[in-house]
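The structure under discussion is supplied below as structure tokens; questions concerning it will follow.
Chain nomenclature is as follows: A, B, C and D, assigned in order of appearance, with residue numbering initiated at 1 for each chain independently.
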């Protein structure tokens, strides 16, 4: 049998469901062809601690892996160790929370566009006129900054839109709900919500404050938010939901396999982000009424141009689906 | 005419016994470190079918250096019976400043390093003044300043980026040889000089009994301020090492150093009640913490259970240390 | 006024802490009209109640010179035990609540045993325990807080966080009960006397016949209990448990205790002050959110205000 | 004695000092001549220590002035050191987790290379310096926390004497010392005095005052009320307390011949050989001997803190086990430790809380304390022991030392314990209070309490006890019946044995 490629996944953090699904997809893929026969995989978690993640990548270098997939605790904090890995001939692919060093190939969606798309939708929905709140992400991170900049670029074009408050939701439903609950009662009527993450928490705080019906909302891909699009807790919301897809890890894995097999060039990949609106949301496909609100619905892709299709059990339990797993990388 | 008390001299404990009693924390830290090293080599050997080499040594040392500096800084404050939760904030601030200011050359890197260390010292000064002059409890002072320093760091570097001159990286954390050991040795030497200075003695005196120290004429204000300033400076140094090994800056990556520096200090046998322990122990504690990460890595534990194992290892280390210590101390004299 | 002067400094600090909370509310109204509206105040107090509950446990252990760094994941585990045990069914709510609280008590008792029997420093014991619980929760649930639940918190628990009785939110009423009970426990019971004795002079307490080990275990168990209780309420509040939901409560609960006038070295302070501290911190965060300023300014202002409050009334006497 | 020069070595003029509401000193004055020993006497809380702290530069007076050689003194510890003042404060200022040598040499450590402190040389330097003072039984390498209280007090004194002060302030330096150590100290004091040092000395043992003082200033309620070249004890006590005391020691009543309530057979603990002992109800059994010879282990062993490692304890003929203070309290045993601040009281807590802590179980219903019942018990105790306080809600820390000691005694009387272990209970207690405590102890014995009584003051043992066992090296070396027992007999019993050893 041909020698298997050793591919290690360095995951900075495992404390939210997005990351869990991402790791589960990776686990499932390792049990499916073509990866099952070509890849020997391993995965690690570093508790959101950059120096630990850096040390773990050192460990991977010591283990002489062929490729390292990185979801980084810091866009810059791992640059040094990644350069070392690169210098030792190891292929490094960073995805989701990508690193800045050119020594790593990047697989991601476009975060500026993320913020911009949400904002454009809100602006259009409210006719370029009204009060909007922005619920932002974790301060000091690139993703947060990029998404905010994307949004601001849109607001500038709409003088009728007033951003009555910007506050952090830290991409976490509980935090977003708490902060919204604290501030909402003292805010004027809200016509639109722009939210980077924790969207369902924001909406629940609106309900608790009796600010119903809920205003049009552009947010992340939490299952809870999408339930609101279907109708949930007596409310139905007009919304746009964009997900950072957990299957980025599969794109990274496939890219690694192809590059190691020399069937694909070394290059960054930006994949389109999947999104749904209240008009297109569909139970069992893009929303799962049986599942928790914090579940990330975009673990798989749909439609004719889907990047990858996997079953819900792969995301939930890391169990492989039938047959082979096909990940579509952009045409060279 | 002097009725001397010699006639009734009791048998004394032997010198070794006294030495052990005085350095119990350090001895424990050494023992745990030894165990950790052996465990690491064993696990590495079993997993990799070879012994760790230059690369492993270098990367372990390079990972340990920032923590060692932060832990020694923390140690100064803990010895005064304080605690510093703002370490992470100072690391962030230094890291962010380094990435923004250093530019391309080693010279500018070094010049800015000095400035950044001074900023760290200033952060420490603020902590020290609030604690010593403001008579506030250290844990809340530093909780407050943590928030301030983190805010400043984000102001300096709103999103990760910037660049560290490669020559500066090579100077601090050469990736090809465990050359950063020099800094650990220098740190230990500097400590032992400090330990033998007026301020060093005063520091211990304050940690032993602040009221007594005051009565003995120890300048509490000055000594505490020195302790917090050294702490701030060393935390800033940790930030520089972090920036150097990352080759760029991030205003949030230092946060973990707050708790890990405290853990290192405790593993190093420094008493959180002040006055007992040594920065050498804190360095050992930093190495132990680093080795535990390696052991868990090469032990290939289930990542979901990772923090479980970290917690268990920490407890085992402390309990085993305590048992060894108890046995040594109870050894018949 | 004369009475005020002769008060014990800790008692005076309770008044200062309450004054600080009120002042922060007024400040909020000044910079952001509408802040003092009934709905706004109610909503802020409900959020403060979560902090206040965690801080009740933290207060117990700090009173004996300890600290509990395991509250984040005990809280989180409490929330997850509730959702996984109740499966969102009203009929299972009682057993789920009991299970969650029992989990908190057991974990807390283990913390206490580690500190009291094995002599492990509280910082290390509880920090390690936080990691242990985190690892167990993630490992045992596979990372999903309740994949099989159709709804998460049973309606009863959700009502607890959202409904009102005679215009007062249930969560607040519950907190009020806790405030009364904890205050009574500390002030008129043997348990309270023993706690203060232990915190003031552990050696003398043992020599006076206090069961230091038993007390320590009990107090840490209480801390676990309150963290789990806060977890339950938070599930009710958000409707679901999420990973990491306890993290913000670590430093906040410690800060609330100290701002409330409790001495971090133990033996002195009152829960009433701590409750005021919890309100102060929550109001402060809300005011800063309302002010609509950049994250970094908010972070700096938060630190500055806390230090300002402490300088105003939290200064220790000269030794 | 030298003729009194016109200029005092150190003097305080009309100094006042308040702590919060407490007026510790009210316009007090004192002048100490060079080459003389000036004793300060007064009840607990009279302000002696406060005055000494002011003289020693540790605190600044609210009003009044301090002069040195007629010049205004600079305040602050550092300045006072430059003035050549050395102070032994009442609460020891040794640092527990530093070695004896480090403590002894603090601030004047030997320097080695690069001007750094030569830590390695310190034990030897300390050993030499101690030997020069005639102290060879204390190991300079030991941690201070590990040596006995008396040894700590000696180190504290040695540290100050070694600095060759021109003015020496000694605040109750003998409180934990036994006679021979006191004699050693007096030798040192005389040598310094003869060299021209002006010395302030306080003590609550009149014998010491009489032996060493050239002048005596009496303090009462924060003011000096008289200064004498010599004064007899009764007169001094009247001035100190404002009332007359009968004989210091109560009339001895014979010990009742009763079977022992408590018997120890072959008990062992760290520092004590297997010991046998029998204690009857109504008996005051004295334990004497030099410090550091196992008394503490005996007392604390009996109280289960920690318990004996071996041997048998019988109470009323039944074997009991005492493994913790709780066991001891259940068995009706009470311990009043020597160091009331660190082992007895909760200083910031109310008198009430301090008194009733061990009996709360009895006082509460469903865990809640019955306030009324507690209140009346507390009031009774305060009245019975004549604890001087405006209210039972005062923090115990604001009471004078003697009253603090009474609170501690009261706590244990409330437990209805019948066996009292009194470990140096009069340490640092003023004459009047001592008198009260002696009366109390004698009364308790008459009421049938069994009392084990250790004291570092041989006079006290001789006059109060029915019988005295002298301890040496963890064993009883003499059993002295009480009828015509003298302090000399106790001291010489403790010393005689050492002649053999030497």
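Here is the rule we use: contacts are C-beta pairs under 8 Å (C-beta built on N, C-alpha and C of every residue); 3 or more make two chains touch, one makes a residue touch a chain.
If you want to know which protein each chain is, UniProt gives these names: B, C = Monosaccharide ABC transporter membrane protein, CUT2 family; D = Monosaccharide ABC transporter ATP-binding protein, CUT2 family.
From a predicted model like this one, the values you see are computed outputs, not experimental measurements.
Minimum number of contact steps separating chain A from chain D: 2.
Considering the contact criterion stated above, the chains in touch with chain A and with chain C alike are B. Of the two chain pairs shown, C-D and B-C, the one joined by more C-beta contacts is B-C.
Separating the centre of chain C from that of chain D, both taken as means of CA atoms, is a distance of 44 Å.
Per-chain CA centroids place chain B at a distance of 30 Å from chain C. Our note on geometry: chain B versus chain D, Cα centroid distance of 42 Å, whole angstroms. The distance from the centre of chain A to the centre of chain B, each centre being the mean of the chain's C-alpha atoms, comes to 36 Å. Among the residues of chain C, those in touch with two or more other chains are 134, 138, 142-143, 295-296, 299. Listed for chain A are residues 14, 23, 139-140, each touching two or more other chains. The multi-chain contact residues of chain B, meaning those touching 2 or more other chains, are 154, 158, 211, 214, 304, 306-307, 310. Two chains count as a pair here when they touch; such pairs are A-B, A-C, B-C, B-D, C-D. By the touch criterion given at the top, residues 11, 14, 23, 42-45, 47-52, 54-56, 58-59, 61-63, 73-81, 83-84, 100-101, 138-142, 144-146 of chain A touch chain B in their complex. Residues 69, 114, 118-121, 123-125, 127-136, 138-139, 142-143, 251, 254-255, 258-259, 263-265, 295-304, 306-307, 310-311, 314-319 of chain C are the ones that touch chain B when the two sit in their complex. Interface residues of chain D, counted against chain C in their complex, comprise 21, 303, 305, 324-326, 329, 335, 337, 342-349, 353, 356-358, 360-361, 364, 367-369, 371, 395, 411.
For chain C in complex with chain D, the touching residues are 6, 8, 184, 188-191, 193-194, 196-197, 200-201, 203-211, 267-268.
Taken in their complex, chain D has these residues touching chain B: 58, 77-78, 81, 87, 89, 91-99, 102, 106-107, 109, 112, 114, 116-119, 134-137, 139, 141-143, 146, 154, 180-181, 183-184, 187-188, 190-191, 290, 292, 473, 498-499, 501-502.
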